[in-house]
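This report refers to the structure that appears directly beneath it.
Each chain gets a letter, A, B, C and D, in the order it is written, and its residues are counted from 1.
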Amino acid sequence: MRIGVIGLGRMGGNIARRLIDGGHECVVHDVDAKAVDGLAGEGATPAHSLEELIAALPAPRAVWVMLPEGKITAEAVKRLGEALSPDDVIIDGGNTFYKDDIDRGTALLEKRIHYVDVGTSGGVWGRERGYCMMIGGEKEVVDRLDPIFATLAPGVGDIPKTKGRDSRDARVEQGYMHCGPTGSGHFVKMVHNGIEYGLMQAYAEGFDIIKNKASHQLPEDRRFDIDVADVAEVWRRGSVVSSWLLDLTASALAGDPGLDGFEGRVADSGEGRWTIEAAIEEAVPADVLAAALFARFRSRADHPFSDRLLSAMRFQFGGHKEAAGPEEKKTKT
Amino acid sequence: MRIGVIGLGRMGGNIARRLIDGGHECVVHDVDAKAVDGLAGEGATPAHSLEELIAALPAPRAVWVMLPEGKITAEAVKRLGEALSPDDVIIDGGNTFYKDDIDRGTALLEKRIHYVDVGTSGGVWGRERGYCMMIGGEKEVVDRLDPIFATLAPGVGDIPKTKGRDSRDARVEQGYMHCGPTGSGHFVKMVHNGIEYGLMQAYAEGFDIIKNKASHQLPEDRRFDIDVADVAEVWRRGSVVSSWLLDLTASALAGDPGLDGFEGRVADSGEGRWTIEAAIEEAVPADVLAAALFARFRSRADHPFSDRLLSAMRFQFGGHKEAAGPEEKKTKT
Amino acid sequence: MRIGVIGLGRMGGNIARRLIDGGHECVVHDVDAKAVDGLAGEGATPAHSLEELIAALPAPRAVWVMLPEGKITAEAVKRLGEALSPDDVIIDGGNTFYKDDIDRGTALLEKRIHYVDVGTSGGVWGRERGYCMMIGGEKEVVDRLDPIFATLAPGVGDIPKTKGRDSRDARVEQGYMHCGPTGSGHFVKMVHNGIEYGLMQAYAEGFDIIKNKASHQLPEDRRFDIDVADVAEVWRRGSVVSSWLLDLTASALAGDPGLDGFEGRVADSGEGRWTIEAAIEEAVPADVLAAALFARFRSRADHPFSDRLLSAMRFQFGGHKEAAGPEEKKTKT
Amino acid sequence: MRIGVIGLGRMGGNIARRLIDGGHECVVHDVDAKAVDGLAGEGATPAHSLEELIAALPAPRAVWVMLPEGKITAEAVKRLGEALSPDDVIIDGGNTFYKDDIDRGTALLEKRIHYVDVGTSGGVWGRERGYCMMIGGEKEVVDRLDPIFATLAPGVGDIPKTKGRDSRDARVEQGYMHCGPTGSGHFVKMVHNGIEYGLMQAYAEGFDIIKNKASHQLPEDRRFDIDVADVAEVWRRGSVVSSWLLDLTASALAGDPGLDGFEGRVADSGEGRWTIEAAIEEAVPADVLAAALFARFRSRADHPFSDRLLSAMRFQFGGHKEAAGPEEKKTKT
């Protein structure tokens, strides 16, 4: 089918390409005219304005918005809402806060414009592997867009079938799921990213423990000096902790076992934060997911005020000087 | 090659079977004579005593010990150490504490008996999928046992190759790794299990947040009622959180979406605990791995003393009564 | 001075009493007419409606709202805002979310009605010990109310003076602080409660560790059987962990060393939750405060879905049965 | 009574002084002859060797060992054990691991020498405020030393009496407690320090949240700019979080509100670590105490390997660059 795509960055561009590869017609727009022209060279119909894009789409229209930033997405959806017609549909494929989706969906419904929120996982690998999609919105509208989702999804591939799913929604095995009403797609994607943080931190701590294992008390020929790149690789085969994130870890460590190319300042997007806020709203304990988020905050602070306050208290009650470095001995004999 | 296997439980029995399938000769022993006879019917040579087992093996002998319990394994290794001859090798495939390995290896070396510690991951799936093995011990001895490890390992399979590994140890891609001197195999396996706890808890918290999402403030047709079995399935395809543990989660939820077959009392083996102790010894922060361990402790306690103490303090300073149930309202307006 | 007090529960009633004891005139109102009449018997002027209360106060009026619940407080402030006149002031002494304060203050300012948010700590002990108050609002308005705050505050008492404060605001040493503009009082009180949760949980975990110390491997005359009530008492004298919460712990344990009078279901008010949300907004790591909050959530859930999911995964990969009880052995030898 | 004191550092010197002030005779020894002579000038009997110290004490002797380091203490106890006679008693007032106490006590008992472990809290303030003491050892021996403990303890002071303690051990209200057999004193002191870490971290996180509160979205006259030194001071009066650690925090902030005199590298002694190990041995959840310990580890590491691994994974799956600084925006609109 024919669909508009707004936002041709890393994600949006590849989504358009995968759709074109799958036989769809894409009308593409971006504030960066070069990006538009570039994709025109790969088979897309260029649109150098929102109006041009809308004019190039048959009613009822479908426009996929793939923009990086909360405010930019909000603005684009707002402008689309003003320009589109009843029965058209706006698809937000970005990482919007699910409560914002609900507000937007409600507002657009007054104009009888539909809103579909799609949580999209797959990163830079999505064009090749396909995108895992978590979709929220009205049933009829999601069904109408099925050809788009079917093309973007990874498909069954060679992933072993899960037993006991025969009576269940077959689309899920293709890699896309209609999660429920507006907002539910981004809600599931939000938790997905919250889990992602937790998984990443679990690996990170484990490898840190292996990396720091010293056994100086042992004779030299019996000391541990474990190759973390090999550890990551061996765990990919038959172990309980095998995963795609481990595959990526093995790749990263094979090329740079000391990870000297990185400084260790780890960004976090909104989803990790909103996941904890959702847990708090629901009174669900989320110790691991919160600890993973806080580790990222901490990675970006040189020394938080909290650390200095600990030092100040220790000085007050014990006259203790600050520690010089990472090493601290404990005094079991 | 010809090898002895002691301990024919879930793990040991399947290891013997996979070795036999791979063309090796197994002399098998267990305190349970039926287990020995059963495996004899599958091609193993039965041994109804340790002495019988030793007598049936050519020097230098190799004996794989696969016993469940610290003390039982320790006792078996001790008895083997007394009965075996110089240049023989004892392989401990269980979950021994790596510092115990170092002590045992040192003691056995005085008799010139070799000791190899093998961390073995793969669970009940290992016979079919192969076992991921993390091996500690002397190079010559580990090399001598290579045919055994090569058979037990999963092999390359259809897992995509990691780039940049061309100059590295090829055995690792087969699914087994010589991690270093005695103890290092079980050390890596220990951290593996520590990570495993962290990964599991990350998924568990995330699914709990999805499961508990209520949106009662919304009209009925716009409430979230998200199918967690489908979520687990869809994430298997193209998402960042895909993993073998997620595959298992999808299986479990497909059959029993409410997990009503489980009560929620979660055991922990020693490795998760020792991982935190290792982190503490090394002064490595391990917030996620520790939280995952504590969640298991908590799952087995009905109400710890700590909970009651909180209630007692709240009563003291505020006259507060205890909460009635899981629901607590917060009072943002 | 003459002041209105709305809400005569545990907190509001004692605040009125302490004000009357301090020579102020209180016009009191509550939906419960008995509470109003009761306090009239203790020297207050009864008001059986909002209108009556307003009529009994001289302009510019001051009304202290001390109501337990977000919505009830919001409704009372709204009705007061409609009924009061320019230059009157509404004091919210409850536990309102500080962003709601900012919204309310802004709305009331349009009518030139002032709004002061007062975080009030002291619990059931406040009437006797005085209330620690954290105050947000316009300087002139807070100054106008100073006689009220001075009476409610604990005063200097016999608490040792902090060195280096000579040039600082003297009111702070009396136990009340003008924290800044509207909302800042409840913001500081919110973090106060967040810290309170953390402190309580630290004690709770520590006493749990002492309580559970078993030393069964030792001969009977050398086993530990430590009296936690005595531990709490001894720490009150000269130790680094002495605190008011420890005093309360000692009281609780002296009367009921096993805390058998409590079940262990621990409520949480909004402040602990909002503290974590504030930390997340600011990207400040708050591992301890979050863990303390989650421990309360967990205390109210019998077995969260997360626990059952862990059991389900363990069954899937290892055929593991669930644990029977709190005891788990580790297998170091 | 007459007692030997070995180790005249910050703690040992003041203990000797408080004993002398209380009318006891102290025979003092230290490797630093100047420390010995200095204390001789304050009324102690100098001993320039262990032998001299032993010779100057009447049988049965009591020797208080107050040395900073596991190995140094162990060595001193060993030498004393060799030099002392049956019925003499060695008191270890330091921070020895309680399992080491049990081993030492057992070894010394073979020679009929007694061993008493005393956990001593009070820091640099102890000489003036008295020391809170947690004591492990045989009843008769602890009773024999009662005059020493009574002098060192803070005494009842002006701390309000806890109700319901009338039938309980009166020594506890003086600030010292016989916790049980050998090791139990240091066990209780260990948990004390574990709690101390948790309390400190709770305050540290809370003040960090106040310090980092920005409200740039508000007009200038309504922004928060909260004085943390005043917050600490006001909470000392009537609030639920008042404590001795808060008193110290108020002192530190009054002198240096930005804590610019500290870098934020926070040492940890063994007790915090052993507390977590004890929790793990007992299967008691200790999320807050562990998080407090890990925060100290983290404060001493510039960027742990774990941080770099997170960055590496993010680059692998999303092509993400590392974060530039502490600020990260979330994208709720």
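Just so we're on the same page, contacts are C-beta pairs under 8 Å (C-beta built on N, C-alpha and C of every residue); 3 or more make two chains touch, one makes a residue touch a chain.
Chain labels with UniProt names: A, B, C, D = Decarboxylating 6-phosphogluconate dehydrogenase.
Keep in mind it's a predicted model, so treat the numbers as computed, not measured.
Chemist: In how few steps can one go from subunit B to subunit D if every step must land on a touching chain?
Modeler: 1
Chemist: Hey, which chain ends up farthest from subunit C, C-alpha centres compared?
Modeler: Chain centre farthest from subunit C's centre: B.
Chemist: Between subunit A and subunit C, what is the separation of their C-alpha centroids in Å?
Modeler: 38
Chemist: Measure off the straight-line distance from the CA centroid of subunit A to the CA centroid of subunit D, and report it in whole Å.
Modeler: Roughly 45 Å separates the two chain centres.
Chemist: Could you put a whole-Å number on the gap between the CA centroids of subunit A and subunit B?
Modeler: 29
Chemist: Can you pull out the residues of subunit D that are in contact with at least two other chains?
Modeler: Residues 123, 125, 201, 203, 205, 208, 212, 240, 244-245, 251, 268, 273, 283-287, 291, 294-295, 297-298, 300-301, 304, 306, 317, 326, 328, 330 of subunit D each touch two or more of the other chains.
Chemist: What topology does the chain touch graph have (line, ring, star, complete, other)?
Modeler: complete
Chemist: Hey, which residues of subunit D end up touching subunit A in the complex?
Modeler: Subunit D residues touching subunit A: 10, 69-71, 73-74, 95-97, 99-100, 123-125, 200-201, 203-205, 207-208, 211-212, 244-245, 248-249, 251-253, 256, 259, 261-270, 273-274, 287, 291, 295-301, 303-320, 322-326, 328, 330-333.
Chemist: Report the residues of subunit B in contact with subunit D in the complex, numbered from low to high.
Modeler: Result: residues 240, 268, 273, 276-277, 280, 283-287, 290-291, 293-295, 297-298, 300-301, 304, 306, 317 of subunit B touch subunit D.
Chemist: Using the touch rule from the top, collect the residues of subunit B that touch subunit A in their complex.
Modeler: Touching subunit A: residues 102, 121-123, 125-126, 129-134, 153-160, 162-165, 168-169, 172-177, 179-184, 187-188, 191-199, 201-203, 205-206, 208-210, 212-214, 218, 221-227, 229-231, 233-247, 250-251, 254-255, 275, 278-279, 281-289, 291-292, 294-295, 326-328, 330 of subunit B.
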